[in-house]
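Here the structure is laid out as structure tokens; the discussion comes afterwards.
Lettered A, B, C and D in written order, each chain numbered from 1.
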Amino acid sequence: MPVLDLQQLNDFLAEHFPQGEQYGALESVGPGTAVMRLAVSAQHLRPGGSVSGPAMMGLADVAVYAALLTRIGPVPLAVTSNLNINFLRKPLAGADLIADARMLKVGRMLGVGEVYLYSGADAARAGTDPVAHATLTYAIPQ
Amino acid sequence: MPVLDLQQLNDFLAEHFPQGEQYGALESVGPGTAVMRLAVSAQHLRPGGSVSGPAMMGLADVAVYAALLTRIGPVPLAVTSNLNINFLRKPLAGADLIADARMLKVGRMLGVGEVYLYSGADAARAGTDPVAHATLTYAIPQ
Amino acid sequence: MPVLDLQQLNDFLAEHFPQGEQYGALESVGPGTAVMRLAVSAQHLRPGGSVSGPAMMGLADVAVYAALLTRIGPVPLAVTSNLNINFLRKPLAGADLIADARMLKVGRMLGVGEVYLYSGADAARAGTDPVAHATLTYAIPQ
Amino acid sequence: MPVLDLQQLNDFLAEHFPQGEQYGALESVGPGTAVMRLAVSAQHLRPGGSVSGPAMMGLADVAVYAALLTRIGPVPLAVTSNLNINFLRKPLAGADLIADARMLKVGRMLGVGEVYLYSGADAARAGTDPVAHATLTYAIPQ
């Protein structure tokens, strides 16, 4: 069972990311996992209708952060130390983004996770090709 | 001499990044280099006054993209394929961010650049520690 | 079905990586996937018995390269353009390394894949924590 | 002044990297900086005479590690947690590799550095294009 449930995590993120709706909303969590959805709107788009890189990176960051918090609890001071993202395909115009995140390691000092981003509101993730993949490292305050 | 001068690049970015002011403004360009400044405002901040990760990543991305365009000209379809960023220090509250970007390689298919982000309006970069460092790869359409 | 079968891939790697046994041996391949095993020996170790970083990086590189070749065929000139690796846990002393690789994207110009490295000869991967995770990009010659 | 001088660092590396000659030799150090040279030999080559990726990654890793040690002293347990490398150009056949490393941050828990790899024994680095660029993170034991 995750240390924090979905409601607790949403409350925590709302408090610490008040502009959080621009990063997406949690849909589900498990032990070391989190699924978020970004309802793409004009602020996330580039000309031509493609979702901007920063919108994808923000979603990836918050999704893995949520996955980390399911393991270590509400630690507001955990900070991202590294993000590596590969942009794989152009997201569908007008479609939501789904982030599927899980921790690869939660140590005493560092947490490392990965996240797949999918395009499309009903992205049955199995069998769908991701639009981006990212790995992130968080430094956990002692 | 860069292929595009400062005015041409600013015009190009304004057209292709209409929300571009949230990513920063070009201050100077050279052959394969670009300096951008992000006037940090409420939309870029996290609680506590720290600049958000996506704001830094967006600035890094546009700065290296501008550096690339000084070499290949106005190619709107060059797309970011990889971004790796290390967050090094907490930016100063209320201070602008300065991005100092340069290309490491501009090939036929790929452009690779790096960028240092500094905190502080008058960041005399020499001798100042960066708040973040990123490398980016762009795929150049054939 | 992969473009190349296991025997064809092993022959190809033996020809193009004559020091290849230091990088590992293919165990199985599928369409866009490859599993390799590195029989760890003295040349791969650091004092204390830990597998060296370069040994892990070499294994990760060749495993994803093999996964790429299952999709594009024997292209000796595909070159690694980016590698990002997170070292997660100390490998077991004296144990083989298993690399489980798959492509995230195979485009016309770029191939991107990821790979999990596991420690232990009989690593039933499901349920075992990886010792490292890497993403790699290859530029495919035109 | 660096915490360790060139001789002390070479002794330390020789003890902790007994296969270290395959990773290169220190040429100079400063506070947070290190220059290493890899005398390329058959074991580092791929067919066609190109230096192998793992040889470059090993050199990058040890060079930044040495740069870190000039700041924190002989800490054998500092471990690489992340490496990101961009391969930019093909190294010259038969030429040494030079690594020019410096720390971007040395914190209590994490050290982050970058390194440029150059090809050619007499690479006057200024004005020469690097063959690779890497950033590395080390976790410093508490």
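We take it that a residue touches a chain if its C-beta (ideal position, glycine included) is under 8 Å from a C-beta of that chain, and two chains touch if they have at least 3 such contacts.
Keep in mind the model is a prediction, meaning the values are calculated, not measured.
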Interface copy of C-D among B-C, A-B or A-C, judged by whether over half of the contact pairs recur: A-B
Comparison of B-D and A-D by number of C-beta pairs in contact, larger one: B-D
Rounded Å distance between chain A and chain B, as computed from the means of their C-alpha atoms: 23
Gap in Å, rounded to a whole number, between the CA centres of chain D and chain B: 27
Centre-to-centre distance between chain D and chain A (centres being mean Cα positions), rounded to whole Å: 34
Interface hub residues of chain B, defined as touching at least two other chains: 81-82, 84, 86, 112, 137
Residues of chain A that touch chain B when the two form their complex: 15-19, 23, 43, 46-47, 52-55, 57-58, 61, 79-87
List of chain B residues in touch with chain D within their complex: 84, 86, 88-89, 104-105, 112, 114, 129-130, 133, 135, 137
Chain A-touching residues of chain D, taken from the complex the two chains share: 81-82, 84, 109-110, 112, 137, 139, 142
